[in-house]
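I am attaching a structure below and will ask some questions about it afterwards.
The first chain written gets the first letter, and so on, giving A, B and C; residue counts start at 1 in each chain.
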Amino acid sequence: MNGTMLITFIQQSIRLSSTLLLGSTGEMITEKSGNLNLGTPGIMAAGAISGIVGAYFYTSSSAAFSPLLSILITLGCCILGSLLTTLIYCFLTITLKTNQNVTGLALTTFGVGLSNFVGSIINQRMGGTGVAAFPEIGKAYRTTLPFADKLGIFGDIFLSYGFMTYLAIVIAVIVAFVIAKTRVGLNLRSVGENPATADAAGINVDRYKYVATCVGGIISGIGGLYYVMDFAAANWQNNILDQFGWLSVALVIFAVWRPNIAILGSIIFGALYVVGPFLLGLSTKDQELLKILPYVVTIVVLVIISMRDKKENQPPESLGLSYFREER
Amino acid sequence: MADVRTKQIREPLIHITKRDDVSFAKSTVIHLIGIAVALLISSLLIVAITGQNPLEIYKAMYEGVIGTPIANSGINKKYMESIHQAAILLCISLAVTPAFKMKFWNIGAEGQVLMGCLTSAYCMLEFGGKVDNSVLLVIMFAASVVVGAVWAIIPSICKAFWNTNETLFTLMMNYVAMTLVSYFIMVKDKSGRSDLGIINERTGYGYLPNLFDRNYIFNILIITVVTVLMFVYLKYSKQGYEISVVGESENTARYIGINVKKVIIRTVAISGAICGLVGFMIVAGDKHSIKSSIVDGQGFTAIMVSWMAKFNPILMIPISALIVFLSVGSKYATSAFRIDNSIGDILTSIVIFSIIACEFFTRYKVNFRKPKGRGKA
Amino acid sequence: MLRLILVFCFEKIIEFWVEFSKQNTTERGKTVETKAAIQLKNITKTFGSVVANKDVCLTVNRGEILSILGENGSGKTTLMNMISGIYFPDSGQIFIGGNEVVIRSPKDAFDYKIGMIHQHFKLVDVFSAAENIILGLKEKGKYDIKQAAKNIKEIADKYGFEIDPNKKIHEMSVSEKQTVEIIKVLYRGADILILDEPTAVLTPQETQKLFAVLRRMRDDGKAIIIITHKLHEVLSLSDRVAVLRKGEYVGTVNTAETNESELTEMMVGKKISLNIERSEPQNPQDRLVVKSLNCVNREGVKVLDDISFTARSGEILGIAGIAGSGQRELLEAIAGLQKLDNGEILYNNPKTGETDNLRDKTPMQIRELGVRLSFVPEDRLGMGLVGNMDIVDNMMLRSYRKGKSVFLQRKGPKDLAEHIIKDLEVVTPDANTPVRRLSGGNVQKVLVGREIAASPTVLMAAYPVRGLDINSSYTIYNLLNSQKKNGVAVIFVGEDLDVLIELCDRILVIGSGSVTGIVDGRTATKEEIGLLMTKSNGGGQNG
């Protein structure tokens, strides 16, 4: 690997990492409230397709194209779409106390199915070429700072990304701070650890779960949008986001439920995922085999955490359980 | 004035209490209402998309499931295909059930089935023509079952010894399996199309034979047997009893001298073995091909089927039939409109949402502010 | 129309005035308030078809300690949970400082300055004491855990607690956790404190300390409610006693004007003697000889420290000790559920005359040796029985392996279930009812019945009367006594020292995992045992 390739490799890794980081930051907030949301892949897909829907309507309107407006519209649609999808999960698991695993899986089926369905309709309306593409919007999302390319290697490695990459890191840092250092974070953690205690302490458990899961869902959804708009340059493709959704869920474990570790973890995952073509001399099939690595690494981390059995590194204690105050 | 009144009320607007067990009849009614609501939403959705008369839609869905023979197959009736699909979903649901009953959240059925498929396909390519076809089928069968079991045993060992979270572990194993299949295809495929097409198309090595001139009969027979065996195993066998005890309380299991680790590993192995068997049936009895999306999410759907049926093998029959028929029917009904196949997934999830939501009403009672006479639950 | 508006305005004004006066009273403190801190009127609560509280009326004044006395299952905790917002009453009224209030959630309860210390502590294990204490508070200003720790220290000093605000809950002893719970409600400015069975997990010495703190709080003007079923505590601590029986309010008496037998009568309804029959052991033989058991648990704590004793046939051996001193590990070790670091458990088989070492054998292997060992564990529905299974299937737990068939035989267990239901008068619709639907006493009858049906030579029972009403408790005592007469070596782990002294022939006292003494049940006194319980040979955390 020569220098140029190395830089491209780093750029690619970081680009992909943003999707994973947003996805897993969202899932972390959700899990901190005691909800294991296996619907994350579905939410990411739904968020992404909502953005695409926004893009379709914006570009097919007669208004003059404005990059900023296109970003605002797609982002707004994405937030709305992922929020609505997450609300299905919230209503079922929190209000109706259904099983979280089953609900989450059903939500993934739903979200991925919906995104494929809507995607194919938009594709058809746009002429049925197989891809729904919005190159102008992709360009808007990938706009870098004007002086980024004048700063040599530093600029290439640190400043060559669209705004969402930085947004992802900022969100992760903020979430890490809120969880560890604020009253809200303390309350949130107590809801995930021991909802009965939180309830007795005067915390509205259901409200915390709703808000955390919805905020988490929106952040994950933005992760999906990032992938489509920035990484894939506003090209919609069916069935692409669920694997990144599951990788995001995996990243939560890898980062032992800490968003700041997830920043590094997402870059490692991103690197493992894109490294194939950069390893010269590797055949295509071996590159394919390399894609196993993020999953295997996660499994290893999972097993090690459980073997060491340290109290600080465990999942929230009531993760996956519904809470009912009058349970006897 | 209403404002003042609300301030003075003494009960919250809605107050939820747990109820004693509901009768079977009541729970059935609740679930039927749930399914009816789901079907209504589904058909409204299709109507909204296609703009057709709902009755026409239902007719088309019925056609799609039972329907007329497919154009150029001659032998196959469409309903056989529908039944077969439902049977495959049923079988995966049966596979995950013993583990679930033990509260082992095996969501790796997708990967376990896929590994079964991979093994069968490998055997077809490797031994096809070298041994007698019946011997080949036996090898495929045995190898798939073993590989499926091994794929499930790995997380179960970690669960038994270190209490590793099996939900996340088995989830990851799915993707490892998918990647392995992609890799396998690339290794075996010399054409560079990344697609093996139909394996042994000319020779038919490793194909399950047709019975009574029909495809799928072999698979359906196997699945019938598995259903009956699973029902008996869970309800009447000592091992089935042990599974229930471990699932209800590991402490009780230890207390009466059950080797919990052994039961966990054994049960999950059975789960994985049946998944492997399904993989064999998909490849040898239906698709005669391999690709990483061959299981098509049925491993996940099966988890929901098993849960909705409350782990009762008999109840799983109508539920898997409902889901498959709805999905097949909706695809057929919308096919004229060039709509993406994923409409089936959307409808499936709507049905699942409604059925699991029903559970709330069987477990809890909703009390509104002014109860008009408090009936006993 | 105009009239409506007028009425509306009028009601608004009244409402405002009520709110205003409520604030006023809390601001001006004791002087203008009525004496009653909290009043309950006709409170009723049902769970499904079970009536937990029926028309309960109660008053607690400021600056007094009120005991709520009642047997287990008499609805004390349910009642208090309604004041603290955990449950919502089906009907009835609650008044605080004279105003009717609605308590819909624990949050509401805090706003009315009510704080409850639950029997099962409501603490987050991975949080520190300070984090637990400020949990859920909406204090103004920055989130500052250090400042909180300082405030906590202040409260602790005021009432004489010892606490380390930065210690994690999972590293704490039971009494430390209780301290955190109490400070938690004080930190929230609670004026009305409810303590649910606070002494159940404490040593007599820790109990005295707690009582001193409670008295100090009373003198500070707080209203304190303490739930208990221990008469002597009621008499020594409280100003007044309210008695509940089977969910109904029986009455309130001044402690100074009552005595133990009057309270007992109020509690159980009729005068009964507290005497438990105790026969002389017949022909005792050494059945189980335990020699220097040692065990270190997963956290690295030495839970069993060189324990040795002998259990004899035809005798009841009591085991006394503070909760969590190693009783559970000891019984589980004998039953083959606990790995030991060293020691021997020798069983003298009365049939063959041989001696077997049971150490490190699984429950299966123990049974295969022909050792008839029955065990009634502390956790009935979590260990002894499966709550979701019916009585028949629970009977099978012990016997399902019998025979070579791979299938279950349900005939025998069904007969046994019906037999037990009839003999022990288990109240249940039928043998196919899930045991979790039975009441505590009936659950225990099913469990003890099954364990005795195996005609054991050794019977171990851990807290077998916990949570049972008096009649059920006596059924259990009688069953143990009849086993003793049949020549069974009975090991009885108890928490009520009065019962241990009345029932057992010998009492083994353990403290911090080691034997601190063996006394004769016929001559020992409670004080003597209490002292032994807190004595520690190993210098453990309770020392």
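Criterion: a residue touches a chain if its C-beta (ideal position, glycine included) is under 8 Å from a C-beta of that chain, and two chains touch if they have at least 3 such contacts.
Just so it is clear, the structure is predicted and the values come from calculations on it, not from any experiment.
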| field | Greatest separation from subunit A - chain, by CA centre | value | C
| remark: Counting C-beta pairs in contact for A-B and for A-C, the higher total belongs to A-B
| subunit B and subunit C: spacing of chain centres that average the CA atoms, whole Å | 45
| request: Calculate how many whole Å lie between the centre of subunit A and the centre of subunit B, each centre taken as the average of the chain's C-alpha atoms. | output: 27
| query | If you average the CA atoms of subunit A and of subunit C, how far apart do the two points sit, in angstrom? | reply | 46
| query | So which bits of subunit A are touching at least two other chains? | reply | 326, 328
| field | Residue numbers of subunit B (touch at least two other chains) | value | 17-18
| note | Residue ranges of subunit C touching at least 2 other chains are 47
| request: Would you mind writing out the residues of subunit C in touch with subunit A in their complex? | output: 47, 84, 86-87, 105-107, 109-110, 116, 118, 122-127, 131-132, 134-139, 143, 168, 170, 184
| field | For the subunit A and subunit B complex, residues of the former touching the latter | value | 36, 38, 88, 92, 96-99, 101-103, 105-110, 112-114, 116-117, 119-121, 124, 238-239, 243, 246, 249-250, 253, 284-285, 288-289, 291-292, 295-296, 298-299, 302-303, 306-307, 309, 315, 320, 324, 326-328
| message | Going by the contact rule set out above, which residues of subunit B touch subunit C in the complex? | response | 1, 3-4, 7, 9-12, 15, 17-21, 236-239, 241, 244-245, 248-249, 251-252, 254-257, 259, 374, 376-377
| note | Given the complex, residues on subunit A that touch subunit C span 181-183, 186-187, 189-190, 193-194, 196-204, 311-312, 314, 317, 325-326, 328
| said: Help me check something: in the complex, which residues belonging to subunit C touch subunit B? | reply: 4, 7-8, 11-12, 15, 47-49, 88, 90, 93, 102, 104, 335-337, 362-364, 366-367, 375, 377, 379, 382-389, 393, 396-398, 400-401, 405-408, 434, 437
